[in-house]
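Each structure below is given as structure tokens.
One chain, chain A, links the two complexes that follow: it is found with chain B in the first and with chain C in the second.
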Partner chain A sequence: MFLRVICSPQLPASSSQIGRKNLIWVESNGGRYIPAVGDLVIGTVHHSAADFFYVTLSDYTSNATLPQLAFEMASKKNRPQLHSGDLVYARVSLANRHMDPELECVSPSTGKAEGLGPLSEGMLYSISLGMARRLLMRKSAEEGKVVVLDELGSAGLAFETAVGRNGKMWVNSKDMKTVLVVGRAVTETDEKSLAVEQQKKLVRKLVKEMA
Partner chain B sequence: MTTTTSGPEALLSHLHSADGSATFSYAGYTIIGAVNGPIEAQRRDEIPEEAVVDVVVRPAAGVGGTRERHLEALLQSTLRQIILVTNFPRALIQITLQVTVAPENEYVNTKVVQANTNLPMLPALIQTAVLALMSAAIPLTATLTSVVIAATTEDGSNRDIINPTAREIEKSRSLHVFAFTSHGDLILTQSEGEFTMKEWEDILASAQQQCCPNTSGDVNMGDDAATGADLGTFTRSVMEAKIASDLYWK
Partner chain C sequence: MPREAEPSQNEKDFILKAVREGHRLDGRALDQFRQLDLKFGDQYGIADVTLGKTRILTKVTAEVTVPYTDRPFDGIFTITTELSPMASPAFEVNRPTETEVLLSRLLEKTVRRSNALDTESLCLVAGQKCWSIRVDLHVLSHDGNLIDASCLAVVAALRHFRKPDTSMEGDTLTVYTPAEREPVPLSWLHSPFCITFSFFGTISIGEDGEEKDIWLLDTTLLEEQLRVSSCTISMNKHGEICQVAKPGGAPVEAVTVLQCSSLALQKVKDLSDFVDQKLAEDSKHRNKGGLLAELSAENAR
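After this line comes the complex of A and B, so read on.
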């Protein structure tokens, strides 16, 4: 029997893709983000043209396109004004190896943003693809064993985050110090491969230093 | 520097800005490999249906010359056969290999008469490239193992030396490099010097035994032929350790 083994940080989003015969997916942590339909990503606007925004998902890859009308309540007269360098939280709506990926900031079925759209203010951190995947898990604390965000929240910090499957994390808070602490806690957990207990210890240390 | 006897060593994903990287030390060579890709290819280089594989070899000292260009050409044509290039049309996969340590007495005459010493470095370059590609999670059809063998004549009897030193290469009649895929297929062969077809076939057999010990059903050759490390198993165990450390949280 011929077995095809794919080493990838990106397991398929939908289970129908796993069903292919004689195929094993081995999860890993390295490599470059390759867009797949349904992935939530954080992109940087590169430039805008008549109908599209051109959005960078990772360095040195061709831009993804984001239609200017793919936002909640967008119309020809009322569309978001995004400039070069702005961040957007979007879903990959079309990914195909022969074409540049396409994004959307609105659910095509409900017409609602569902949390997607431009990200204003805040700070962007680069994390590994494996870490992004863990943070995006439905139960990131139980399945992904990342508790930093929960711990920071229960330590009394108020902040919001958005995680992109392309290895980006956006953090925002009214307090700049909180933004830095949250970003540092997650990047450190990622780089030093911290276990649950170590993550709790790190959060306690960071919160103590902050006060 | 008699590193020929020590086993291979590798370090994976240690460069932060590259998508994948590996440092590989074996047989007196230490090579750092970095892989970036799939990234956007330049418009004039892109291939509509396939990825472009770009290999850059940089020597331990100075800038590359014809010797490096030759190695790059060999590596490029070998690697694009195992990379699933059709998965990334119009993209570029860039492989940079920096030699940091070469065997001390490699430049025997110090003068640049290198055209005949291209080959000994090839197995280490191939191994580094494959490890770096796996670190970058580039889909491959197979991994490679490679070996360099020198055919020498000592006291009238022929002897094949696996991973020969520079002096042994100098004295040898012919030098051969073979690379095999993990399925046991021959993918690259380069030879130089004088040899007969019969000799080449014998050397091929011992290379096969060296590179894919599991696929060739023969027993170990025993006697004086020094056997090197089993690079196939080595690659496998390095990858296993890498995946295990990636999934530390599971």
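After this line comes the complex of A and C, so read on.
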């Protein structure tokens, strides 16, 4: 279990003083994904309607909507054709309680995709929410204590990944075995909550097995 | 009704491609089982089976009842399965899914219909009193291969169970408490185990285009969602087949089924040895020091 406590320098004297700066967050890696604006997520297209794609973010929850025009350079005439079962990397643009979340695959300010959009080929792995958060940290090695991906990269494996805040990780590579090794390394790190040294050892073992 | 999310197309394609090349997501061989663990409870007749992330809990209970009128010399033996929403939100209470119906039906055929438990030995007074043995099976966590794990749990729990000793004097039937007389094991005839093969279509081998079925053992939930058909073979360690079930799906070559049954025998022997070993460990643990310790007059003081 990976717990992270973020606290601001001064603790509030009374509860009335609690502002955004004076909060303490305790993050755990369990639980169900609750969409929040700005989260990067990986969804599965469930079906499409006239103007929207309906996208599944997690099991047993209602679908999120992804407007068909929320893609880079999309217009009425030219928009992506996504089918049921396709994966899409998107950002949550609207998340209200008691409402289905809305997604976008384009930055509303620049109009560029910025890496978002349909994900083709590769494999999707389920990881815990805590692991997804750690992988998405700006300095995932120092702050999140995950070095598996860096280690796999320096071991000479070529692969690309996308991490969704909803507990999903997509891995792709030309070599199928690389995808399997990356997937196993990350899921094992997650399930056994390995420390940095153990992660390095695991990567060495997996790379050796692969060769 | 909440539904299990379908695996995405990417997952389907990747897993099928990997299986065709002989790889699995968790790095197992195609015919390898996940880590299997079996624990017995403090009471007799409780077995907790963990197979990878699948977890099954079984409890056996016995009570004295009236036998069915059409079978006055037989005791009553029932197996009830429960797939609760704890295992997966897709399961609802009192609304059996196809998985649950299939599971209870297969256990019935494997354990009850193969006469693994001698029901005649449960009769106390013909037509009036008999033992009713009830097995409750709870699926605590569902990650595929429920059938094999459940069958193992049922067999282990029944073999671990002890029913109260009884005696008949004239026409009075006495049921002894465990303090009065040591409970006795059930009259167990053989231990059947289920082995489920999941098929994933065919690949061609050789140059003459000969086709070969690919199959996996001990599939995870994800693999189970992608298989084209499955076949469950139940047999005991002597190679006596109790039942073969192939509920629908794509057709499979007869030769493959034969190959599967010979591999099943090998796996059943492993499982049988595993259960024997665990039962022996448990009885050793319960009976510390053996008969000598029991007969000794020395006390801890």
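The working rule: the second predicted complex is superposed on the first by the 187 of 211 C-alpha atoms of A that agree within 3 Å, B and C clash if a C-alpha of one lies under 4 Å from a C-alpha of the other, contacts with A are read in each partner's own complex, and residues count from 1 in each chain.
Note that in this section a residue touches a chain if its C-beta (ideal position, glycine included) is under 8 Å from a C-beta of that chain, and two chains touch if they have at least 3 such contacts.
Small disclaimer: the values here were computed from a predicted structure and weren't measured.
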{"item": "Contacts of A:Ser107 with chain B and chain C, given as first, second, both or neither", "value": "neither"}
{"item": "Which of chain B and chain C A:Met123 touches, first, second, both or neither", "value": "second"}
{"item": "A:Thr44 touches, of chain B and chain C: first, second, both or neither?", "value": "second"}
{"item": "Which of chain B and chain C A:Gln68 touches, first, second, both or neither", "value": "neither"}
{"item": "Touched partner set for A:Gly183, first chain B, second chain C, both or neither", "value": "second"}
{"item": "Partner chain in contact with A:Gly85 - chain B first, chain C second, else both or neither", "value": "second"}
{"item": "Partner chain in contact with A:Tyr60 - chain B first, chain C second, else both or neither", "value": "both"}
{"item": "Contact residues common to both interfaces of chain A (with chain B and with chain C)", "value": "59-60"}
{"item": "Residues of chain C that touch chain A when the two form their complex", "value": "2-15, 17-18, 21, 23, 25-27, 89-90"}
{"item": "List of chain A residues in touch with chain B within their complex", "value": "6-9, 26-32, 34, 59-62, 97-98, 130, 134, 144-146, 193, 195"}
{"item": "Chain A residues touching chain C - in the complex, by the definition given at the top", "value": "44, 56, 58-60, 83, 85-87, 119-124, 170, 176-177, 179-180, 183-184, 209"}
{"item": "Of chain B, residues touching chain A in the complex", "value": "13, 19-20, 36-40, 87-90, 134-139, 239, 242-243, 245-250"}
